[in-house]
Amino acid sequence: MTTQKPDLVTRTAQSTATAVHVRGRDLVNDLIGKYSFTEMLYFLTSHRMPEAVETRVLDACLVTLMEHGLTPSAVIARLMADSVPEEPQVAIASGLLAIGSVFAGTTESCAALLLAIERRIAAGEVDAVENVAREYDKAKKPVPGFGHGTHKPDDPRTIRLFALAEELGKATRYVPLLRALGKAVDAALGRHITINATGAIGALLLEIDVPVSAMRAFSVVSRAGGLVGHLLEEKETHSGRAIWAAAKKTVPYSEENQS
Amino acid sequence: MTTQKPDLVTRTAQSTATAVHVRGRDLVNDLIGKYSFTEMLYFLTSHRMPEAVETRVLDACLVTLMEHGLTPSAVIARLMADSVPEEPQVAIASGLLAIGSVFAGTTESCAALLLAIERRIAAGEVDAVENVAREYDKAKKPVPGFGHGTHKPDDPRTIRLFALAEELGKATRYVPLLRALGKAVDAALGRHITINATGAIGALLLEIDVPVSAMRAFSVVSRAGGLVGHLLEEKETHSGRAIWAAAKKTVPYSEENQS
Amino acid sequence: MTTQKPDLVTRTAQSTATAVHVRGRDLVNDLIGKYSFTEMLYFLTSHRMPEAVETRVLDACLVTLMEHGLTPSAVIARLMADSVPEEPQVAIASGLLAIGSVFAGTTESCAALLLAIERRIAAGEVDAVENVAREYDKAKKPVPGFGHGTHKPDDPRTIRLFALAEELGKATRYVPLLRALGKAVDAALGRHITINATGAIGALLLEIDVPVSAMRAFSVVSRAGGLVGHLLEEKETHSGRAIWAAAKKTVPYSEENQS
Amino acid sequence: MTTQKPDLVTRTAQSTATAVHVRGRDLVNDLIGKYSFTEMLYFLTSHRMPEAVETRVLDACLVTLMEHGLTPSAVIARLMADSVPEEPQVAIASGLLAIGSVFAGTTESCAALLLAIERRIAAGEVDAVENVAREYDKAKKPVPGFGHGTHKPDDPRTIRLFALAEELGKATRYVPLLRALGKAVDAALGRHITINATGAIGALLLEIDVPVSAMRAFSVVSRAGGLVGHLLEEKETHSGRAIWAAAKKTVPYSEENQS
């Protein structure tokens, strides 16, 4: 059994009878009314308040992932809202559980790849970008942050995010690196693969010093906001019932090949 | 089996090969980089962009609920992060599941109570505020939005939120109503009961036209942001192990009274 | 802050270096290999081992609720398995979250109603059954355990469960009471309403002394077993993708009436 | 967008007005009252009814994992039951989310390792067992199914499960293989490492033809049963509040080193 380290503490927050302290700041007197949700999210994970351009970049990333229509997340949340109507947090949490490796989880792995390339370049490997592209091609593995089922040939969100980063002076290192990787990937594969929004967000978040380990969690927060809209609409339209009926029709029961 | 209504649609969002549309707006060209996460959250639920003061009120409400130290939500998220370290969304979603009727869920019921009082006043019941306070006292039921285990005699967040609402010209109707209810509750019970932050937030969100049905979901989004900080800290401190050990010590096994 | 009661203990279980104790029994030497999962489930909640007929009744109830085809639970689990393929517990847990008040949750409320009727009869109200039926009709509320969207005019599972209870000598009190309630409901409404399987299970579980507070949890355990089959099939068929596509087609995006 | 394959079907189950069909069988007339929950769980995943000894082995495995005292799963479920008391399925599902790679998830990987060793032996590698042990030692990776924080030097559940498998004539292939691996691991490391219960269960489930892909899900079902007991106890003892207080005491807030 693990025993408690004598110095185990939390630096995140505490509440007392007359105050709430958040990472050394007084929530009531220093934070409420003075900072936005987005600034606080940055503060809680990077332990300093963001500069104005950093906030704009983070807001752009959060806004980008809030909505993408009837994603599996949204479909799950709608079905759950129909089954457990009294508890909105159950519908939202269920939808968020689906933000895994398949959907939206690639922000983190794209950012990690960019950092790895940067280290290889720093170690003297001048062709690291091209080499990485060829390595993925050889291994027949998808490059994290590349490819999209719907957005072809390009993900319009990526184009906008890159332009915004440039406009804000935040395309100094990882945005150009991801762009270079995109060209190398196209060359290695002999065809154009889109840089998807989650990949682009990985680069933008690196530009503003967000830790890689926070990135998937940021996608989760962003999508939590989006799911609220689905939840309110579900209360009016009861789409969950129609989706359920469609699912049964789409996957009919068969007695054939019952072993 | 419910059949699909011919006119069932979503007005929330859709993605096509070259665009994402969100409630009639073009995500890429009209929203990314132009609006904050908080403004988008308002837009997705109230179907119009908020005015600047409304955004400030909503940000204040979201910031207030992000952090409250080691709440049950945060403890659950930390234990889960220790058990399923590869999937941050599982830890966040688990913590959010705890945002139910006991914690943070009272925003909604406090707001609903304020609306009910307003209706009774509109119907000619001049003493509706006092009557409601007495009704709860008689039924020995807690008034939603009142009382707090830690913050006594007053919840400092409430004081700050009310002051901010006044400063922003958004204490016109529901903030004064909740204050009046607070006085009536104290009078009915013969002792002072604090108006807690979730109650105050109920009043502030009504002031900026947030639908009651969105309020618990807003608390969920706010707390999702706060849990990200706990998650990152957990990766460094592994507090989950120590909390687990403490739980076992706190609740020892006994063979007595085994029926 | 609540402080720990000095006598707070768990009587459920503990593990030590050389043993695991479960409610006063030695798991390794007394339980493994000697009792079935179903007997243990009874033991953990009723604190005695069931008699053979009680086990048969409980097994029948658990088997009844395991499968009902593509329920919302199963649809959610399939979508989740597609989104988070590495973590089967996430898909199962998501499906189980949907076992709420709308689906399967009525076992508990039907059992509670039967106990309430029994108390009214014991208090001298000879027509309690008929009165209850009329009260629900008057209030235009559905009687818990009655009505089914698919199984009409009768739920075949109910007929089988009642017959089995009789065969096993376990239709002595609550099964006849539920049958009587069924007749009274039909009379009060002037048309036949089916007693659904969750209602019947409420009566059978009362016959074998299962606490009402365990009943919804038993449905959850039963359905957990059923979801395993959906999960394995999902790995082969990837029905989640087709269900997602069907959902998008069923709920198309519309820009009309965007307020 | 993925389109539906024309032959997409479910072979699991369907319900019609008068019947429920489960993998080609009539639930009402063929299954309810005739088979146990454990037999049905086997049937739903292996698509044939188990023989009597297979059922005994599966029951032993399920009973083994139901309870292990205040595991993180149980602690999470108790905290959640305290936060969302109206929805038992939320507490159970939350606890189950923690059945991941760290706890109980190793059944699957131990079984997969045994199958890999068997294939290497079949391919002519006579020392495959010893080689695998050395490979893990060299890579300094823990062998799946080996080691336990509490049960030292041996996991008493493993000893019992192996003995039972022998008694039932179901220690013909994978149980002896796991035992041989245990000896090889001890030799390679130069010290004794226990074979834990989840490892042993991997071997026993292989002996009765359970697919590897179902194994973690079986642990989830087993633990679902165990959590019901914790839930009922929580309603009486409210241990969640004391665990929460202990967590706050264990992880105090510090303002030091706030970057």
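Before moving on, here are some points about what is shown:
In this document, chain identifiers A, B, C and D correspond to the written order of the chains, with residue numbering beginning at 1 in each.
Assume a residue touches a chain if its C-beta (ideal position, glycine included) is under 8 Å from a C-beta of that chain, and two chains touch if they have at least 3 such contacts.
The structure presented is a predicted model; accordingly, all values stated were derived computationally and were not measured.
After Cα superposition, the angle needed to carry chain C onto chain D is 180 degrees, rounded to a multiple of 5.
Where chain A touches chain D, over half of the residue numbers in use are shared by the two copies, so each contributes mostly the same positions. Averaged C-alpha coordinates put the centre of chain A at 23 Å from the centre of chain B. In whole angstrom, the spacing between the mean C-alpha positions of chain A and chain D is 31.
Centres computed as Cα averages put chain A at a distance of 37 Å from chain C. Those residues of chain A in touch with two or more other chains are numbered 1-2, 4, 8-14, 23, 69-70, 84, 86-87, 90, 93-94, 97-100, 150, 237, 239, 242, 244-246, 248, 250-251, 253. Of all the residues in chain B, the ones that touch chain C in their complex are 1-2, 4, 8-14, 21, 23-24, 47-48, 84, 86-87, 90, 97, 149-150, 250-259.
The part of chain C that touches chain A in the complex is made up of residues 69-70, 72-73, 75-76, 79-80, 82-87, 90, 93-94, 97-103, 237, 239-240, 242-251, 253. In the complex of the two chains, the chain A residues touching chain B come out as 1-5, 8-20, 22-23, 27-29, 31-33, 35-38, 40-41, 44-45, 56, 59-60, 62-64, 66-70, 74, 87-90, 92-94, 96-100, 150-152, 156-157, 159-161, 164, 167, 211, 213-214, 216-218, 220-222, 224-233, 235, 237, 239, 241-242, 244-246, 248.
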